[in-house]
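One structure, as C-alpha cells, below. Some questions next.
Think of it as A, B, C and D in the order they're written, each chain with its own count starting at 1.
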C-alpha cells in the first residue's frame, strides 16, 4: 500500500491538474446560500483504512453535502429495518433525472432506489416512523459527527430554511409517495428532516472520514466501532456504484470505477473498498447535476492510484 | 491467492448448494431450440488470471450464449472505433426492460447502453459498416474461438434460424434505429449478424476462458496477447456492472458485487477483476430474464471467495 | 323540436331502461362522504334552450359535482384571461389517467388540458391570481348559483375538508406545477379553492340548468344574460368532447357523441349544442372513473333523441 | 340550407382569405415525390348531402392522400369485422406524436386508436387476414373509386415505392405489433398494402365526394347506396374528432369543431354531419404534421358556415 508521502503527492497532483479546470460547470442557484458559493473552490481529502489522511485545496472549507447525506441515512435505515427496507424502495438505477416523478408513477410509488430523491424521502420516513422530526434531525447530525470524528459538524440553518421555501419538487414527490401509501409520517415532517439532512455542512476531511466505514467492511477502522455489517456496507457501495450519480451513474462507473455519491453542493464521496474514502468538492455542476471538476478529479485520482474496482 | 484445491472445492461447494434449487425459474421458450433444454442443468467454470481452471456440473455442455455475446462485440467495436462508438450509444443503465423501445424513442434513437438489445444492434452495425454479414459472423466466431482457446466453438444454425423467424421485436428495434439514422447497414444484414452472434454455442469452460482478458486488464494472461487496452477492459467491466443484467443490474451488483452479463440461454459471465473469469449456466430464468440459479450460484461464489469488488 | 311531453317521455324511458343496471360500478371511496352514497341512486334532468325542463329519478337529490366544476371555472378563466390562458395549459387529450403526473413532467409543467386535475389547478390559480381564496370560493359558488338560477347551491363543508385531508395526489400535482413556475399563488391557497369547488353540491336539475349557456352559444336562454362569447362556449364544448372523460373521452365521444364532463361523485354534464343541457347522476363508477350507469343513460338518450353531434 | 351560390361564394371567400398564407408550413420531404410538390398549392371542395358541389383553387389537382386513407380502411374494417375490431385497437386519443411507439409498448401492442399509424396497420391487417396483398390493394382502390364516383382514382406507384424504401418507422411499428401478436399477416404484406393505400392520389373534389357517406349517416346520398350503418358512420366521425389530427386533435376540435382527418400530403377531409363533406389541400405542414393552411381554411369555413358541431 502507498506510503503517506505518496498519498500527499497524489492529492497534490490531482489538485494541480484540476487548476486549469476550476470554475467550470454551473453552480446550483436554486437557493441563495448555494448560489453565492465561489465556483473556483476545490478541495480533496482522502482517508485510508489504516487511518492516514491526505488533503489538498479547500479541504477544510465546509460545504453543503446535500444528497451525499442519502448514503448515511441509508446506512442508518438498513441498521434499523434490515431487508424490510427493500419492500418500500427498489435497488435499480433510475434511467431518469434525479427528481423524476415519472418512474415513481409507473412503479406505483415504489422509488427505484434509495439514492434518488423519492427513495431518500422513503428512507427518511422509515427512520422517522411517525416520531419527532427534531429528534431524528439530531440523530442524523450525531451520526455524522460520530463518523467524521468531529463534533463541530452542523446543519446550515439558512440552507435548510431555503430548501423548505423552494422545495416544491420534493414536496410534490413526498405528496405523491403519501398518496401511494409509501410515506407513513406527515409530509411536512418528512420534508423537514430531509431538508435538514441535505443542509448538513461538512468539509472534505470530515466527509471522507465519515464515509470510511464503507471502505472498511462497515467498521470504523480507527475507533473499531461497527457501524454496519460487512454485507450492508458492500450493498451501500453497490448502490453508490449503480445509482450514485443520478442519470450519469454509468458514466461515473465508466470513468472513475469507484462507488460514489454526489450532491448539488458540488461534493462527491467516493469509496475505494478496502483502501480509502475520498471526498472532493468543487461547486460547478455538469448538466447531469454532478460536480464537473469533482468527477474529473476522481477520474484522475483513480488513474493515479489504480483503485478502480474494475 | 487461493490454491487449485481451494478453487476446485469452491466450485464444488457452489454446485452442491445449488442442488436444491435446480429447475427453478422459467426456461426461455420463444424458440424451440431453447425451450427443449433440460431446466435441471447447472454448470460452473472459473479460470484465474494465473491460468488455473476449476469447474463443476455441466461445465462442458454447450449452451446458447445469447446476449453474453454483446460483451465480446463491444470489445471488438471499441478496438475498431475507440471512443467514437459512444457517439452512437450511451453508457447509462436503462431503467427499463431489456428490449424496451420507449427509451429509444425518448432519446432519439441513441440506445442507453451497448448491453441492451438496441445498443448491441448499433454495436453490430458499427462492426459491419455496410460490409459482408457472413464475413462479420465469421470474425465474431473466430474472436470467440481465439479467446476461448478452442476452435470447436460454433454457431448453432438452428438457433440462428429460429431467432430470425421470431425476432420481430429486434426487427422493430432495428427499423426504429434505422429510421433515426443510427443504423447504417441494411436492417436485414444487421439482424442476420446479430441473430448469429446470439446463437453462438459455448460451454462454461469456453466462456470463462474467453472472458479472461476482462479480468486481466485486457490481456489474455495465458497467450499474453493484448485483446484490448487496460482502460477499455475496465470500461467494459463497468458497463457490465451497471447495465449487464437489464433492469436487474442493480440487484446483481447488490447481491453478487461483480461485473456480469447474462443471456436468456441461462448463462452468465462474471468478472472478478485481477482474479478470475467465471461462467455459470442454468436455463431457468427469473422474471427479469436472468438465470435464476446462475445468479444464486454467483452470489454464493462471491460470498465464499470474498471477490465482491465492494 | 320535441314537445314537452316528448322530453318527459324520453327521460322516463331512459330511467326505466337504466333500472336493471342500477348499482353497477364502484362508488368512489377515497373520502367517507362519497363512500356512503347509495350506489342505487339515479337521476336525470334536461333543460332545453327554449327553457323547458324534464327530469326523472333522483333529479332533485344533491350530489358532489367534483370535476364537473372544471367546466365552470374554465368558463370563468376564459372570461378573465381570454386566450392568454392557453399559454399555461394545453388543449390536447391526455392519453393518461386523470391525475397523471407523467405527462406534466414530460411537458415541463404545462398541463395537457384544463379538464384534467393539473390543468384545473392552473385554471383555479389563474382565477386566484394571488388573491383571497375565500373570496374566490365565494365567486365560484355565486357563479353556479346564478347559472343554476338557484341560490341554495352550496359547498359541502365535510367533503371539502375530507378532500383536503386526503388530497395528496393533488398536492403533489400543485407542488409540481409550482416547481415549474406554472402556479403563481401559494400551493395551499390554490388547493383550498380547488377542494371547495369540487365539493359543490348540486342536483341534476341545478346542474343541467347551470350548463345551459354552453348549449346556447354562451348566453343563458332564460335570463338572456351573456355568460361567455359564442366562440368560447363552442371551445369549452370542444374541450369537453376531446378531454371531458379523462382517458375514456374517445369512448364517450364514440358512444354518446356529445360534449360531456364527468365527476367522481357520479355526475355527468352533457351538452347538446343548440338543443339542451343534460345532467345525469349515478354514483357507481367504471374503471376509467366515470359514472357507469350515467354514461349508459346518456348513450340511451342520444340514441332516443338523435342528438349526437356526429 | 345554403343555396348553391352561397356555397360557391363561401369556398371563394375561403380561398381568397388563404391567399396571404400560401406557402406557410413545411412540405413533407421524407420522400422525393412529396418533397417536390409546390408549397403554394391550395384547393378546396365541398359536397353537400343534397348533392351539390363547390370548389376553388387547385381542387382538381391530385395529391397523395396518405393518412386520410385510414378513414376509409376503418370503414371497410368495421363492415367486415364489426365490433370485434375493437379487441385489437382502442378508441382513445393518443396524447403522443402520430408514430409513437411508446404508447404501443405501454399498452402491450394494442394501438390507442385506428387513426394513428400503429392502429391503421392493425386495421389493414384485419382487412388482409393473411390474404393476397395485391387483391386488398385493389379492393381499397375500388372502394375509393366507387365512393368518389370517379374510376380514374389511382395509386401513385412512385410514392408507394418510396414509402417502402423509407418506411423504417412503420416497419418498426409493424414488427412491434407482430411481436405482440396483434399482426396476423406477414409484416411485409401488411406494409405493402399500407404503403399503397397511403399512396392513393386524389383531388379535393374526389376526396370530398368519397367522404360524403360519413356526413350522411353512412349512406351515399347520391347513389343511395348504403356504405355503412348510421351508427358506424357516427363512430368514424367521433374517431376523427378525437383522434384525427395526431397530437393536435384537441386543437382542431377547438378551432374548427368538425370531425377531420389529415395526411402528410397536406390534405384534410372534414365532415359536417348532415350537411357536407369538405376536402382541403395545401402541402405545407405545421409542426404537428397537419396542413398549415388547410386547417386555417377549415377554421374559416366553419366560421362562415356555422357548421361547427359545438
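Here is the rule we use: a contact is a pair of C-beta atoms (placed from the backbone, for glycine too) under 8 Å apart; a residue touches a chain by one contact, two chains touch by 3 or more.
No experiment lies behind these values; they were computed from the predicted model shown.
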| item | value |
| --- | --- |
| Starting at chain B, fewest touch steps before arriving at chain C | 2 |
| A-C or C-D, whichever has more C-beta pairs in contact | C-D |
| Chain of greatest Cα-centre distance to chain C | B |
| Euclidean distance of C-alpha centroids - chain A vs chain C, Å | 47 |
| Centre distance in Å when chain C and chain D are each reduced to the mean of their C-alpha atoms | 32 |
| Overlap residues in chain A, where contacts from two or more other chains coincide | none |
| Listing of all chain pairs that touch each other, if any do | A-B, A-C, B-D, C-D |
| Sites on chain B touched by chain D in the complex | 100-102, 105-106, 168-169, 171-176, 178-179, 187 |
| Chain A partner contacts - residues on chain B that touch it in the complex | 90-96, 103, 112-113, 233-235, 237-239, 241-243, 247-251, 253-254, 257, 259, 273, 308-310 |
